[in-house]
Structures are given as C-alpha cells and as structure tokens.
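A, B, C, D and E are the chain letters, set down in written order, and residue numbers restart from 1 in every chain.
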Amino acid sequence: MVAAALIPLFPLLGFLLISLNVNRLQKYVAATIACGMMLLAFLVGVYTFFTTSGPVQIDLFTWIKAGSFESTFGFLIDPLSLIFILVITGVGFLIHVYSIGYMHDDEGQNRFFSYLNLFVFFMLLLVMGSNYLIMFVGWEGVGLCSYLLIGFWFRNQEYNSAANKAFIMNRIGDLGMLIGIVMIFMNYGSLDYGTVFGGNHNTAITTTITLLLFVGAMGKSAQIPLYTWLPDAMAGPTPVSALIHAATMVTAGIYMVVRNNILYLMSPISMEVIMIVGLATALLAASIAIAQNDIKKVLAYSTVSQLGLIFVALGLGAFTAGIFHVVTHAFFKALLFLGAGSVIHALGGEQNLRKMGGLRKYLPVTYLTFIIGVLAISGIPPFAGFFSKDEILAAAFEHNKIVWALSLLTSLMTAFYMFRLLFMTFFGSERAGEHAMSHIHESPKSITVPLMVLAALSVLGGFLNIPEALGGHHAMANFLQPVLAPVEAHEANHSTEIILMIVVVALTLVVIFLAYNMYVRRNDTSVDPEETTGVRRVLTYKYYVDELYNAIIVKPLYALSKVLDNIVERLGIDGIVNGLGKTVVYGSRGLRFFQDGSIGYYLFVMVVGIILILGYTINW
Amino acid sequence: MNTLFTIAGVGILALIAEIVNLKRWLTLVVILGLAGALAFLPWYTNHAESAPAFNAMLMFDGSAVAFTWLIVIVTVFWLWMSAGYLRQGEHQTDKTSLVIFVVLGAVIMASFNNMAMLFLGLEILSLSLYALAGSKKDSLSSIESAFKYFLMGSFATGFLIFGIALVYGASHSFNLGEIFNFVKDNPDALPAYFYAGVVLMMVGLAFKISSVPFHFWAPDVYEGAPTAITSLMATVVKIAAIAAFWRIFGIIFCLTASHWVNIVYAMVVLTLVIPNITAIYQQKVKRMLAYSSVAHVGYILLGFVALANGNFVNPLPIIFYLAAYSVSSLAAFSVLIKVEENGGSFSGLYYRNKWLAVTMIVALMSMAGIPPMAGFTAKYLVFIAALSANLVPLVILAVITSAISVYYYFRVIIQMFDKDGSVEPVNVSWSIAILNFIFLVLMIVLGIFPAFDLLMRLIQS
Amino acid sequence: MYITVFLILFPMFMFLLLVGMRHKNPKWLALGGAVVELAVSIYAWINFIPGAERQFSIVIPMPYSFGISFNVGIDGISLPLVLLTTVLVPLIILSSSDKNFNRPSLFYGLVLLMQAALIGVFTSFDVILFYVFWELALIPIYLICLIWGREGKGGKITIKFFIYTLVGSLLMLVGILFVYMTGDRPLGPNAFSLNVFYEIGQRMQPGQQRFVFWMIFVAFAIKMPIFPFHTWQPDTYTKAPTQGTMLLSGIMLKMGIYGVIRWLIPVVPFAVVQFSNVALILSVIGIVYASCIALVQKNLKTLVAYSSIAHVGLISAGVFTRSIIGIQGAMIQMFSHGLVVVGLFYLIDIIEQKAGSAEFKDLGGIRNVAPKFTTAFVVIMLGSVALPLTSGFIGEFLLINSLVQYQVWIGAIAGLTIILGAVYMLVAFQKAMSGELQPGLASFTDLSISEKVVLYPVVLLIIIIGVYPGPLMAVSESSVSALVNSLPDLTPFIRP
Amino acid sequence: MTLNFFYFLSFLAILAAVMVVVSRNPIHSVLYLIVTFFCIAGHYVLLNAQFLAVVHIIVYAGAIMVLFLYVIMLLNLNRESEPHKSTILKIMATVCGGLLMIVIIGSLKGTEQLVEARVATGEISLVKNLGKVMFSDFLIPFEVTSVLLLAAMVGAVMLGKSEHTDVK
Amino acid sequence: MINSVPIDYYLWLSAILFSIGVVGVLFRRNGIIIFMCIELMLNAVNLLLVAFSAYLNDPAGQVFVFFIMAVAAAEVAVGLAILVVMYRGIRTIDINVLNRLKW
C-alpha cells in the first residue's frame, strides 16, 4: 500500500529533474520525463485503485510538532482521494501529452513542464493528505503553481498582474481556511481527519469552522466574491487553463467540502450558504459568459458557473452528484479547453471569437471533439454532462423548486453560450485575418490524440454513475459510501425524475435552436462589444465587478497605504522621533546662548541661584 | 600625612630644579616623588587606624585614602601625558611646582578634618590653578579664562567662608568631628543660620564641582585654558572638589540631609539636563569635553544624592565614577592634545593615526557609558545606588540624558571616520603611545573587572 | 562546557587578530574563523541532549564585582539562535567576497566582534552579562554602518539608530537594576543569574512588575522593532552597507524577540499578562501598518525593510501569547526570517551592484537574463510569503495558530500578513523581475560562483527546514515548554 | 556708649562700602574701601580683638590696598572712563543684592540661646592666647599657609614675568 | 563691654557689608573694583568670625581670620598679576570685553 506514496513522488521527481537541469535538457527529454512521470503516477494510481479496499493511512514523518500541536506528513487513501487521484493523474497525463505539441515552439518549454509536474505534485498532496495541514500545503502549493503558470509568459505585465491577482485572491481564501484549520485544532485537538470527524461536534463552532473553510473554497474554486481571478487566469498557456483552471485545481474547494461532509452536515447554515453562493455564482458567471468574445474567457466563466452548480449540489447535500459532476466536468471542460487551445494554436494565438468562424473544415478533429464537449456540457444525453447535471437538478428539485428553477436556468444558459461559442468558432463566415488563414492547419498528433481520448471520456464518463431512474446502480455513490456521512435517502420517485429529464433536455434543445438562430442563421457577431448597450453592455463588462473591486478595495488600500507612508509614518511617528531629536538640538542651540561669555551675567545667575537656595532653606 | 609633606617637598624640589638645572629630568623626578608619596599612603585603613591627626586637622580615613590614591595616580598619568606641555615655554619649573601645589591642595581637600584646612586646601588648589589657567600668556583665551576663573572663584570662596563662619557660629567649632557631634546632639535645636551656613558652603563647593547653576565658568575656562590644564581641572580638581563635597555633605552634614537634599536634587536635574543638551551644539571638541565634564558631575551628584538619601555611607559609586571618568577624560584629552599639535582637526583621524582614534573612541564610549567600558560600570554603580534610594525618576532622567550625550560624543567618532578629511598623519611619541595604550587597557579592564571588592576594602567606612 | 566559552571568545580573538595585525587576506581569515565557529556550533548541536537543561554551561564569578558572573550556557532556546548566528555570519562574509572594502581587516573584525556579542547575548545566563553583550553588539554594527555605509557626512541616520536603541537599552538597564534592588541583593556569584532573577521578578508586587515590564519592554520593542518604535529601521537598513543590513535584520533584531522570551515574560509574568494585550495589539497593528507601507515603496530595499517589520510583528505577537505553540513558532520563525531576510538583502545587493539601483523605476525584466537569480529570488520570496514547504510557513502557521487560540480576531488580523505579504512581495517581484527587460539592464549577468555560494545554501535551508523542521524544533521544544510551564498560574488574569 | 560707637562705626562702614561701589573713580573706591577697613578694625576693637585689629590694618590698609593703588596707578586706570552698565542692569543688581541681604538676614535667626551659654571675656584675644592656639591646634594650617603663599608667589611671578613675545 | 551690643547687630552688619560687596560685584564692570568688592565680602566674613569668636569666647574664630587674611593677600597677588597680564593683552579691565569664550 506504500506504493500510493509514490504517486505524488513521481511528479515531484519530474519537477526536480527538469527544474534542476532546466537549461541543459533537450526539449524532448524534458517532455518525456514530465509525461513519463505522469504516466507512472497514473499507473500507480490505477494499481492502487484496484488493490485498495477501504481507507488506508500512510504516515511518513512528523512534520510539525510544538507543544500540543502535532501534525504528521501522511497520506490518506480512500475512495474520495482515489477518484481525485485518477482524475488528476489521468487528465493530467493527457494534458501533458497535449502540451508537448502545444508548447513545442516555446523557449520555456522545460520550465513549463517542471511547473506542470510541480502542480500535479501539490494537487496530489491536496487530495491525498491525511490531515488538514497537508491539504493546506497542497492547497497553497497549487496556488503557487497556478501563479507561476499564469505568469508563464512573464514578459507581458498584464499576464503577471493576472498571476498576482490569482495568487492574492487565493490567499484571501487561504487565510479563512487557515483560521478554520486552527479552529479545528482548537476544538478537536488534532488536525487528523479521522480524529476530527469522530470528535465531539458543537454546532455553533462547526458552523464557524465550516464557513471559514468555505472561504478557502471560495478562493480556490472561484466563487462569489473571489471569482474574478479565474477569467484573468486565462492568460496562462491553454493546457494550464485546461488542467488547473478547469479540470483539477479549481475543484479543490469541492474536494474539501466533500472531504468535510460530516462537518458540513452538522451545520445547516453552512450548507445553506454554500448553496446560495454556488447558485449566485452559477447564474452570474453563466450570464457573463453569454456576452464574452474571448474563447477562453467564455470557457472560464463557464467553469465558474459549473463550479457554482456543483456547490449548489454540495449545499443540498448531494455530495455524490457533486463529485460526479466534478469528474465529468474534468473530462469535458479539459476537452473544451484543449479544443480551444487547438483552435488558438491553429490561428497563431488568436482568441477573439469575432475573428474566427467557419473553421470546421480546416480543423476537423478539433471540430468533432469540440462538438462532443459542447454536447456534454449542455447536458444532452447520453453524454457525460447529462447524467451528472441531471443528478444535481434532481437534488435541487427535491430540495426547493426555486433552486431547481434557477439551476435549470443556469443549465440552459450554459447550453446557449456553449453553442454560441461553437457556432461562432466553427460555423458561419471565415472572419479570421488572411495571415492567420494562410497558416491554418490541423494540430499535430500530440494534440489531437488527447482530444480524442478526452472526447471518448466525455461520451462515456456519464456511465460511471447512472441513476436508478435509468436503471443504473449509482456506482460512484456506492463507491464513495465510506467517505460520506450516512444521509437519509428519500429519493424522488423515478417517474418524476424521468419527466424532469425530459423537460430539461427539451428546453435545452430549444435554447440550442435559439443559439443556432442567432449565430448561424442571423450571424449575429458583428456587434462591436464597445457599441453594446443596456444589459448586454453590463454583461460584456462582467457587471463591472473588477472595476468595483478596484474602486472599493484596491484603490482605497493603496490610498490608505500612501497616507500611512507619507503622513502617518513620515510626519507622524518618524516626525515625533525626529522632532524629539530636533527639539534637543534646537534646545541646545537656545541653551548655549545662556552661556554668553560675560562674567557679569554668570555672577548674576549665581547670585539668583543663591537667593533661591537660601530662600528655600530659611522657609524650611 | 607624610604623603602631604612629600608632595609639598616635591613641589619645592621642582622650584629648586630651576636653579640646579634639573629641567630635563624634572617630570620623571616629580613622578618618582609622587610615587614616593604614595608609599606613605596606607593601602587601606580601617576605623581604628583612621584617627584624626595633627590636632584633628587631617584625617586619613577610608574615603580620604581612596581619594588620595586616585588623585595621586591620576596626577602621575597626567604628568606623563603633559610632559610636553610642561616643557613648553619658559616656565617649566613654575608650572610643574604649581601643578604639584594643586595636587597638594587636592589631597588636603580629600583629607581635611577642619574647616580651616578645607579653606586653605581649596585656596592652594585654586590659586595655583588660576595661575596655570593663564600660563599660556601669549593667548588671550588663556588669560581670559584665568581671569574669569579667578574672579568667579574668589566670589564663590566668599560664600564658602561666609557659610563656614555661620556654621562655626552655630556649632562653636571648625572641627568636623565636633560639628558632627554638635549636630547629633542637637538634632532639633539647630539655629536657622546653621542651615544657612550649610547651604552657603554647598554653594561654594558646588561652584568648585561646577554643578548647575554654578557651572558657568567651567565651559569658558576649560576652553580657554591650555588643554593640559583643562584636563587637570577635569580630573584632579574635580576629584578633589567632589571629595570635599563628600566629606562635608556625605559625612558631616548627612544628619541634616533632609534640609538640603532637595537642593541637590534640583542641582542633579539641572546638571543632567542643561550641559548635556548644550554640549550637542558645540563645534569644538575641547568645549564639548568641558560640557561633558559638567554633565558628568550630574551623575556623580546623583550617586551622592542616592547615598545621602539612602543613609548609605559608602562613597564607592562616586569614587569609581571619578576613577572611570578621570581615565576616560585623560585619554580623551591626551588625544586632543596630540590632535591640537597637528592642526586641531579630528576629521579622518582614524586614517591618520589608528591607535589614537581607537583610544578616542573607547574614551568617548566610556564617557557615554557604553559597556563594557569603565564608564558603564560607573554609571551602573550610580544607578544601583540611586535605585536603592528609590530615585527612579531621577534614574530615568539620567538614562535619557546619557542617551543624549551619545549624540555629541559620537559626532566626534563620526568625524574621525570622515573620509574626506585631512590626510596628514599624526605622529605620536613612544611615551604617549604607551600611555594611551595603558588608558585603553584601563578603560576596558575597569569596565570588565571593576575590582569593587578591592575598593570596598580600601574604603571600609 | 568550554564550547560556549569558545563560541564567545573565539570571534573576539579573531577580532583582535584582524584588527591588531596586518593581513594580506583578512576576508579569508575572517571566513575561516566564521567557519570554525560554525563547525563548533554544529558540534554543540550534535552533542546537545534534547531537554530543558542548560548545557555546556560554565559559571565564573567575575573577580571583585558584586555578584556578577560570567555565567553562560546553551539551552534549547539559545541553540537555534546560536546556530542562526553561526550559519549566517559565514554567509554574510561570503556575500561580500566580490566587494573590496577599504580597511577590510577592520570590517571583518567588526563583523566577528558582532558575532561574539550576539552569541554572548544568546548564551548569557547572567542578566548583567546579557546587558553588556546586548550593548556590545551595538558598537560594531554602529561602526560598520558609519564607516562603510552609504550615508554622506554627518551620519545622522546611524546615530539616530544608535541613540534610539540605546535609549531603549538604558531603560532596560533601569528595569534590570530595579528588579535586582527589590530582591535580597545578595553578593554571591549568582546574584544576577537567570534563576535568581526569575525568582525575584515573580515575587514582585504587581505595581513593580508593571514598571519593570515597561522599562524592559521598550528596549526589546525598539530592537525588534514593534510599531511604533520602528522608524529607525527602514532608514538604517537602507543606509547601512549590505552586510550590515544583513547583520541587523538577520540576527540582531532576534535579540529583541529572544529578550522577550527569556528576559521579559518569565521575569514579570503578571505584568505581561496584564499588558500582553497592548503588546499584541501593537504588534498586530505593526503587521498591517508595515505591510501597507511596504505596498507603496518605490525601492526594493525599503520594501524589504518594512516587510521585516511586519514579519517581526507577527513573531512578537506570537511570543506574547505565552503559549508553547506561539513561542515555538517564534523560535522557528526567527531562524527562517533570518535566512529569508539575509537572502533578500543579498539579492537586492546583487541587483544594486549589477543594475546600479534598487528603485523599481530602474528595474524590470531581470528574469529574461538571469534565470538562476530568478529562481533564488522566487524561493526566498516564497519563504517570505510563508508558502508551505518553505521554512516561513512553519513559523507563521504556528504563530497564527497561537494567536487564533489567544483571540480569534487578533489572529485574523495578524493573518492579514499572509495576504498583504503576498501582495507586496509579488508586486515587487513583478516590477523588478518580470516584464520586458529594461534597456539599462542588458548587462545584467546571472549568478556568479561567489553569489551561488551564498544563495544556494540559503535556498536549500529554506526548503529543508520547510519540509523537515523536526530536528530544529526538537531542540527548543522542551526548553520552551519548561519555560511556559514554569510561569505561575495566571488563568484568572487571562481574558477577564 | 559702646552701642553708640557701634552705630557710628557701622554707619560709616556701610556708607563707605556703598561709596566703594558707586564711586566712578577707582582711586576713590580704594580710598573708601580703606575707610571701610578702618571701621571694621574699629569693630574689632569693640569686640576686644585688638591684636587682630592691628593686623587687619597692617595687612589690608597697609599692604593689600597699597597693592591695589599701585596697580591702578601702574595701569593708569585713575580715569572715570568706565563705561557703566545700563540702568536696568544696575537696578537688577541692586535688587538682587537687596534680596540677598534679606535672605541672609532672614536666616540669621536663633542666635540667642547659643551665645548666652558662655561668658565672654576679653582674654581670648590676647596675643598670647591667639599664639597658643595658632601654634598648637592650628599648626598645620599655619604651615600650609606658607605653601599657599609660595604658590601665590610662584603664580604671580610666572604671570607677571614678561616673555618678550607679542600677545596674539 | 561687648555684651552691650547684641551679637545680632554684628551679624546684620556683616550681612549688610557682604551684600554690598555682592552688589558691587554685580554692579560694576571694572575688574579691579569688582575685585575690591570681593575683598569687602571677605572682610564682612572676617567681622562675622570675630564677632562669633568674641561671643563664643573661642580664639579659633580669630585664628581663622588670620588665615583669611593670608589667603586674601595671596589672592590679591595672583589676582592683580592676572589683571596686569590681561591689561597688557586687551588694554582694558572692563569685564564685558572678555567674551571670546562663550556658547
């Protein structure tokens, strides 16, 4: 079972090998090392999956010990972590392979692979850690890698700013999480999952803890109010967007909530908060996505929206549905990003949808796989997204009709903007510039093969957890059983569920038709975003949230800092200190004039002194 | 007692040297003579041995012996240091003998047991000093300082003897022991003019120790007098004045302390604050050292107040402070003299003569009270004494002013490392180099191994 | 038992050797001395038996001095700091290997004298001895700043630094003597020893304790420095020669924290309980305040200087929680901060040398030409922002942990350091290192061998301690617990 | 009778003393001071200290004041050329002196009980008695006085001897 | 004979003379007259001592007066020497001219 400890070791090894020899390694060697390590990790993961029965804890060494605080560096292998291990290493491997082609011409390729490997290492730590602190290590580590990779092309200061933004927003979440972790330690005396889950729970404290932990999740999984970094994070190379900002890292928040499902179930308030935040994020992001023209931004907002939807599921207690959607989302969103990357690659870096169109005949493989991805995310049966999304909607329907309605709305908007994306990219007139069109070509094998594999997964992924209504056995739910708290299962009856499915699919098809009508038939792409008005303008400018944050947080912070620096520090504190010094010096300047060199004056002062002294004495 | 005669004899010998042409070896002879005088001085005394002598005119008790040791040793160092000054000009023998008379007066002031001896000792010391201050006759500053010193000194003497007269009138005696007994026997029936006499004596002595507000002469006189004489005033004279002050107020009038201690408080506060602050703006090192010398009186008086207040009759902190201050001060002045001989600018001294600069740095740090130099240990003892008398606010004030003092001391250090300064090297004779090295060692050794116990045994009172 | 004596006296001997004689190569002689010192300290670490006992201790009563003795030893609280000193000093000497100071023997002599004084501070178990070393440490650093600093004539900033810290330490002297005077004033060889001092202090009346607390606290607060006693620091750091800045920030400010742990909390526990909220709040204000100011600095050096204030604020806040976790966190964070800040200042020094300036307006895009330099910068920066698996995280986690346990809100505000720290460091990195290469920086070369020799050990240590802090933490564990457990039971005073 | 004589002498002494201070011509001051000294000598006689009175006149009037006169003449200072201090300073000086007088006189209280304790006879002032005290009890001070005078002489000679160098 | 004059009278007289001396010192700028005023102060003290000596019937007071006289003579010798040297240097004995040394 110790073999499981090797899983994170391989990417770490890869990272070290590449980074220590970053200038010496040939490009293909570095790529081979990186991909090879990922493959090895994946294989060990698969091996572990099939050989493990029940949770296994592997303690490596005592990491931090201070007084009553003790934290081991150890791993916990259980169904939940196994699912994530497989997704991370599996999808990760594919994206590594994809990167070989994608980053082939980049001078920083070796560096890129080392970062990717490092990322996988931290991500594995996150999901495999046997206690909160190790999770936190991974949690911050993936943030670091995300930072490094967003700012990968460091010559562009905008990208660097995006990287900073990502790291800092994540850190805001991390602070909440850190305090949550400390409070866990305070109340349970340990950070070990087992001890904590089996400890004495107090609703009020648990609520605080879970909310604080959720703050961390808000940052990492890009939920309101900390979501704005994710669209900006698209500054990184596309494989990064696929791996980190769609498939794996951003789902860390979901992993964390599911991992702590026992605590969350203790606290209805936290569950409610999660659901509301998730729902709001889902709607907000989906609506923004409709009006975006950057292919990666659309996908980014889509990711935010989907994550929101998953949080709705978690907030409703449908943990399995959440995990299920995470898995399928990893497949199809990775597919979509990689497809988008392929398009961008083909067009020589163009990301603007308004400069695409009609690409299906030039990029057939990309086109086909992309369609699969779009269908999957839109929830068209039998693609993966259908099953997972359906399960969330079913849970919502059961909980609250309004939640269901809003989730459904999100889902429909998803279908709309995804098809908008599809249509604007591959259909209609060819709007790309001549220069781009002259170079256009289908991507190399290393890019298309991962696309195809992911497409296959997007088609088949849904069958992991077919609902009973459709004659399935909830395979994943059963698998996750040991991790989840026992919940009273009061499922809606199957007929209702099937009716709901039909309604959803039908509405989705209507929306797709609408999109087709708008973007293929009417070719509604000519509106310059600068000329938009009303709601559309608000959507194009993302509800002005960035501007709002800038106005209420960033600018005041800098203004305050300037005031502190220039006024409080210089004039105030240092002014007082220097003022004291100056007073003494001026005092000296003044006092020395008492020593004016004249004997008469000296004698005079002496006599006055004597008079005072004598006067004082005789009055005694 | 034989010490006194020996010192007087050495003084007269110095005069005779003019006649017998002994000038070349004069300084050496005088130093040997003083060493001989020390031979007559007991290593330490206890109460039984410290009986008054010569019809109770003198008493070499513990503190007197300690002060005398200090005075003579400091003088020996001073002579070593100032051989050059003494040899200058035409009056080598005169100056030497006057210096010896100063020492004689100082020793009398440390060991008197009768007001007449105090008065005479003080006057011998003062008159010789007046003349010495003006000994550089071609310099107007020197003459001005001599005149200022003389005029103000005699004025202050008037108050001192007025005080002595009043005390005599009240206590019927000039003898310290009798006065002490008189005070002890009539604790409640002392007439008002007795107290007036006490404070007038205090005024007279406060002038000599240059405590604020009777310090005005000090900076001017110190600046104007020949540097070697300035260092004599800052060390030997200061020790003698403090010794006399201690003898009068620490021993004889200590029972009436409640009547005058508040005045000393006020003097301590003023003496800590005013010279320390005034020194900051000084441009001349010599004048700065003058203010610093006045400022140090504040710390010494702080120790004095603490002792008087705490009924703690051991002048150890004061003696140690004086020793530490004298060594540091002599070291600083010895460097100053060399610098004055070489253009008078301290800038870049470190690059011109490393050891001279190092001596100066250590001396200044010692005066600033930075461990592990002697000055720190001295301040430490004073603060301990003051704290044991619950003088916490005064100690805090002293601490703050000594931090202020760092500013002006370190300005000199900064100047010595000035890279743009003069580059002309400063040459130092072997004898002065050895002396400086001894100072250096003393300043550090006194800081690290202060030999408190030894001094304690010496004092034993 | 002679190890401690050796550790203190050997650098002094080297100082005399360097200053007193002529040498062709004072740099290497000094380095040799520092390496010997490092080896001896590691030998001490190996022979150190984990536990609260004082080891390698020796008590020599000073002849003829009231109960002051040369009482030194090493316990769990001293050892990490001794190690920090002995590790950093060779690195600091190495970091100057490309420089040609005038009067090198004096320079390196003073560095070693400083080392002796610092080790003396960390190993003294006699309060007067402690004080003497405390002040002694000030002299060499003052001279270093004065003679080799960047300040023009007058040395105003250096003297401000000196007087500011001196005021503090003199007040501490008053406090120390006050404690001594309230005791029985024995004259034996242990009159000023640590245990006696604790005993007297803990028996004092609350009013007396309050007085002593403020007297001593101010000294440590200035040295650390805690807001609002910090204004000497940024100026001094900017004007001192880089090696001086390293000594100041890397080791010297640990004296203040060490002082609080060893010479304040156990001495006046009641007053500490009473005022720890004040101290904590000042520290926490300092964290936010200094971080904010760091945010708008236009110069890398002042930025790092302010960041140092913020980090130290966190450490002192943790110490004032008086919990094992807080103090242990402080111990490890002191070590880590020493490494990080020395690394950062060295990086800035390299930038200044190669780019001629550390102003952001003159920098940018260094990454393009100096990848190794960038890597070192990134790792050290991550250590500074306390990323897990760097040494900074261990300390900051424990410190925030202790603070949250003390008071959630204080912990939360102190925790802002992990956000604000990231903000200013990343922005600084972005401005200085990323972007297009500034035209003036085309000649910026990557790390030379001599630079690697300094930076790589720092980088490695940051990571090694971050991954496996166990051995280092085990050193101080039992001493810290013994110290915390020896405090009188003050539960009724906590959180009234 | 004695009292009246006392009043007369006192009045004369004070008047002459005031004149010392206010006379413009230094010579006049010297002469007034001599008058004062004579009055004081008269007081000594009243106090039965005849020997002292004689010595006083010899030393002060005969030696010291002559020295003063000699110097004034030597330096040719017998002009009324002294630029006087400003009036305000003079007033302040007088006020200060007055205040000083008040505090001193104010402090001279409580003499009665001490003085009445002894019976005063004139014998102590006889040369014989004074000589006994001087050469027994006060022998050392007497000897030391010789050193004092020697020192004064050396000092005065050193200062007075011209070195044939120009004063800078 | 002497008892017919209360001792207080002598004390007051000497206090008055002393104060006049002090006033003179503060009043005048002429060095030599200031010096004379100091002599006046010393004489006031002498008077005080003699009075005490007479009323206490103790010869020590009078002996002390001898010493004061000796000191006064010595002081005059040194003082006048300084005065002469000073006059040689600055051609005046006005004390207000003496302020090279200040601040």
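As a working rule, a residue touches a chain if its C-beta (ideal position, glycine included) is under 8 Å from a C-beta of that chain, and two chains touch if they have at least 3 such contacts.
Bear in mind the structure is a predicted one, so any value in this text is a computation, not a measurement.
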| item | value |
| --- | --- |
| Both-way neighbours, i.e. chains that touch subunit D and touch subunit C | A, B |
| Chains touching both subunit A and subunit B, listed by label | C, D, E |
| Two chains sharing the most C-beta contacts | D-E |
| Relative to subunit A, chain with the most remote C-alpha centre | D |
| Chain occupying the most central position, where position means C-alpha average | C |
| Remotest chain, subunit C as reference, centres from CA atoms | D |
| Distance from the mean Cα position of subunit E to that of subunit C, given in whole angstrom | 65 |
| Centre distance in Å when subunit B and subunit C are each reduced to the mean of their C-alpha atoms | 42 |
| Whole-Å separation of chain centres (CA-atom averages), subunit A against subunit D | 102 |
| Inter-chain centre distance, subunit B versus subunit E - centres from mean C-alpha coordinates, in Å | 27 |
| Per-residue overlap in subunit B, given as positions that touch at least 2 other chains | 116, 120, 123, 127, 130-131, 134, 137, 140, 146, 148, 151, 155, 166, 169, 172, 192-193, 195-196, 219-220, 281-282, 404, 407 |
| Residues of subunit C engaged with two or more neighbouring chains | 163 |
| Per-residue overlap in subunit D, given as positions that touch at least 2 other chains | 85, 92-93, 96-97, 100, 104, 107-109, 111, 114, 137-138, 141, 145, 148, 151-152, 155-157, 159, 167 |
| All touching chain pairs, where touch follows the definition stated at the start | A-B, A-C, A-D, A-E, B-C, B-D, B-E, D-E |
| Of subunit D, residues touching subunit E in the complex | 1-3, 6, 10, 13-14, 17-18, 20-22, 26, 29-30, 33, 36-37, 40, 43-44, 46-49, 52, 55-56, 59-60, 63-64, 67-68, 71-72, 74-75, 77, 82-85, 90, 92-94, 96-98, 100-101, 104-105, 108, 111, 114-115, 118-122, 124-125, 129-130, 132-134, 137-138, 141, 145, 148-149, 151-153, 155-157, 159-160, 162, 167 |
| Touch list for subunit B against partner subunit A, complex | 148, 151-152, 155-156, 159, 192, 195-196, 198-200, 202-203, 207, 213-214, 216-217, 219-220, 259-260, 262-263, 274, 277-282, 404, 407 |
| Subunit D residues touching subunit A - in the complex, by the definition given at the top | 85, 89, 92-93, 96-97, 99-100, 103-104, 106-107, 109 |
| Subunit A - residues contacting subunit B, complex | 581, 584-585, 587-589, 591-592, 594-595, 597, 599, 601-603, 605-606, 608-610, 613-614, 616-618, 620 |
| Residues of subunit A that touch subunit D when the two form their complex | 600, 604, 607-608, 610-611, 614-615, 617-618 |
